[in-house]
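Questions regarding the structure given below will be posed in turn.
Lettered A, B and C in written order, each chain numbered from 1.
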Amino acid sequence: MERRTIFPGWATPALLLVPQMALTVLLFLWPTAVAVRASVMRADPFGLSETFAGLDNFTALFTDPLYLAAIGRTLVFCGAVTGLALGLAVLLAVFADADIRGRGAYRAALVWPYAVAPAAAGVIWALLLHPQIGGVAGLLKHLGIAWNYKLNDTQAMIAVVGASAWRQVSYNFIFVLAGLQSIPRTIIDAARMDGARGWRRFRTILLPMLAPTLAFLVVVNLVYSAFETFGTIEALTQGGPGRATQTLMVKVYRDGVVNLDLGASAAQSVVLMALVMGLTALQFHFLRRRGGR
Amino acid sequence: MTGADLRARLRGNLVAGNLVAHAVLLMGTALFLLPIWLVFVGSTLDSGAINRGDIGLLPRLEGLAIYPRLLSPAPGGVPVWRMLALSFAMALAIAAGKIAVSLLSAYAVAFFRFPGRMLCFWLLFITLMLPVEVRIIPTFAVVADFGMVNTFAGLVLPLTASATATLLFRQAFVLVPDELVEAARMDGAGPWRFLRDVLIPLSRTNMAALFVILFVYGWNQYLWPLVVATDPRLDTITVGIVRMIGPESRTAWNEVMATAILAMLPPTLVVLAMLRWFVKGLTESER
Amino acid sequence: MAGLVLDQVRKSFGRTEVLRGIDLDVAPGEMVVVVGASGCGKSTLLRLVAGLEQPSSGRIMLDGEDITARDPAARDIAMVFQHYALYPHMSVFDNMAYGLKVRRLPRAEIAARVEEAAQMLHISPLLGRKPRELSGGQRQRVAIGRAVVRKPRLFLFDEPLSSLDARLRTSMRAEIKRLQRRLGVTSLYVTHDQHEAMSLGDRILVLNEGRPAQLGPPMEIYARPADTAVAELIGDPPMNLLPGWLDANGRVRLETGDAGNGRSVLVGIRPEDVAGGRPDGDGLALGFTPDTVEPMGAEVLLVGRLETGAAFSVRTLPASFALGSRLDFHCPAQRLHLFDPGSGQRIGPAGPAAR
């Protein structure tokens, strides 16, 4: 939508845009260009000279079994986090939307975890799941489960998935609840008059009307679990044991920051950028559908 | 079935439904509160009890003394106080910086026509796409070129460059009626006066909501501060707390737990204090 | 020349020409109402005078100064908007005072002017309230007050009554007229409502598709519409326009077909100019079959068809009418309006003098 009345001149808007444009060009466009350039160059071991390498870095990446394994691991991790965080959020939101006493308090109790940093969530669960001192770990041992996520690959994955999903439920809850509240009251009433109750009402009426919101949230959750859970994983397992919880993001960090292999990490960065671009395009697609409702 | 029957059955359903709802919501509440509570309880115990795995459900009241102790700037100990202050300053600077920068650029895009306007708009749009985590290594390289590694500016500025807030403001500005702008122009207000006297006052709720979102965003940053600041004096609380649980030899578990609680407290308080605005702002900004 | 002068003002948006050469003289203290169907360019005309848009060509003069290129702020013009356009976060007082504050008037002077205007508009008790706490009528008073305190050289009104309900509209109409007379400020008032135009304007400018169709006092426009567009716009219910011809003897016939050595015309008959019975003298006989009656209170509106098959309406005193049967009506010759069927221009007769 364009507005009819504007202010004349171009000097004022140019001045207004200077800070944003400076930040964008210097700290966004330039780094992106640097990464794209580095991803097609090969540096000698001393970093003294560079030669054009074409797509060699990418070929190397996609023939590296470690990288391919990380892709598979990331898919499993993201799928599990997204499913868990969304499922719980829908369950809680459907009941929080009901007309019950204490609704406001419940909502506050379910919204605040939005403020917990992914890294802090990792720390909390690292403490609770700690094989020696963790309260939850102790409980699991009582139940006869040999709990040590620092040694057991599967347990490690469960721990990072659980902690990552735990942190994300409230974000999803906020959106699903808003989505439920935007469903016109009359449609719910009509469904009640038609005799649809409980699960049936949810499956045939609420879920279809929530679909655009859920599609949008799936993309957001995939982006979250792929990138923002770095802190959670770092606090819990640092990608271990071995590489059992090493997602693509953790791998970029290990290769680029810890091992200083900038060529390989630049190619990895470019792959991640392409991935996010794709996901974001998908997200805008859903947003437009949601907006058009 | 008579009307009275129907009503009775409906009420019966409602009561039964309410019980289930309460049960589910209580479980959800426990799922989020209980872990925090357990860590809080642990923070009040002494290290020996924790090491033995002796953690109950009730805090040891005299153990609460650990909080004032951690918060007082004691030499030698973990500088929790300084890390909290740095996180606070960083979150505040990111939130304020983003709001200021985006407010101005959204104003330019919404209320002026100038050559390259659509180009600027699309440039902002692309920025929206890439979270800082994805471009962490190249960004570090550039920030290093500027000599901003291990500086507060290096910590804050790259996180200030994002377009989410600009788009939110633009959306709000588009809804400002044309007549209001015209009235202001007839009243003799130029662009700067209009911004100060009309637009900013009208955007107060948006700014409040955005502040919460951005403050939490800034406070919760982990990877960028970890990468750009190698000087331990520039450790934020989030970086610091992850570092504290790193070495296995560490025995002061109560300190770790208390620090974890302290690290979560400020953003949680901000969210709870501005709950309604924040929820509205969040769901509308993504639209 | 004092007052507002528009000299061949044109405005195009891209390829669409919205205003195609407007000339207008508004005398000092005069209220000219610009009326026209939506899309005729009347709002654009107002915005050009306000300075919110720049004309593509032509000049705008106010009190002898060329203000064409001036910023709205430098024109000394105040405007009342259709949807009030009050600043939602400011009190009524601050809304009215804002334009004066921007112009750096002394505080005491601002307070005095706002108090005076508030009293004039009966909104003194509301000065501390926010716009959202006011009714529509009160908001419009504040919007008018905001214009009044400026003591401008020119008032612009952009359909200021269109968001009010019918009753309020009538009373505000009278109040605006009284206020404008009292302050004696030159005014340009835009509306699509012919009643508003008739009752408010010292003169009316009828716009049609970006061209001035007619400029004159309300009753003259009613009595001698310059073309069919004006004829249809001014008058309620609208004038009947019927194909016919003017024979060699200067008599009007309602038949279509061959005009012989006469001239083919559009015959305009206002529903209120029709009387019952057959014509005496040179009036025009109308064989009319009504099919519906719309009571209007003091009068009724009969809608139906003429013998020629053309749709027709008659406004007359209530009586019992036999719907579906032919009735005799007539229109006196001096009440007939004749237009050229091609151009739509009035071709005579001179028409009755203002009644």
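As a working rule, contacts are C-beta pairs under 8 Å (C-beta built on N, C-alpha and C of every residue); 3 or more make two chains touch, one makes a residue touch a chain.
Since the model is a prediction, treat every value here as computed from it, not as a measurement.
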Averaging the CA atoms per chain, pick out the one whose centre lands closest to the mean of every protein CA shown. B
What chain lies farthest away from chain A once each centre is taken as the mean of the Cα atoms? C
Based only on mean CA positions, could you tell me how far chain B sits from chain C in angstrom? 57
Chain A and chain B, separation of their C-alpha mean positions in angstrom: 15
Round to the nearest whole Å and give the separation of the Cα centres of chain A and chain C. 61
So which stretches of chain B touch two or more other chains? 182, 185, 190
By residue number and range, which residues of chain C touch two or more other chains? 52, 71
Quick check on chain A: which residues sit in contact with 2+ other chains? 5
Under the definition above, what is the set of chain B residues touching chain C in their complex? 177, 179-180, 182-190, 193, 197-198, 201-202, 204
List the residues on chain C that touch chain B in their complex, please. 47, 50-52, 71-73, 77-79, 81-89, 98-99, 102-103, 146
Which bits of chain A are touching chain B when the two form their complex? 1, 3-7, 9-10, 12-14, 16-17, 19-21, 23-24, 26-32, 34-35, 38, 88, 91-92, 95-96, 98, 100-102, 106, 108-120, 122-128, 132-133, 135-136, 138, 166, 169-170, 174-175, 178, 197-198, 216, 220, 223, 227-228, 230-231, 234-235, 249, 252-253, 256-257, 262, 265-266, 269, 272-273, 276-277, 280, 287, 290-291
So in the complex, the part of chain B that touches chain A is made up of which residues? 13, 17-18, 20-22, 24-25, 28-29, 31-33, 35-36, 38-39, 42, 50-51, 53, 55, 100-102, 104-105, 107-115, 117, 120, 123-124, 127-131, 133-143, 146, 157-158, 160-161, 163, 166, 174, 176, 178, 181-182, 185, 190-192, 194, 216, 219-223, 227, 238-239, 241-242, 245, 253, 256-257, 260, 263-264, 267-268, 270-272, 275, 279, 282-283, 286-287
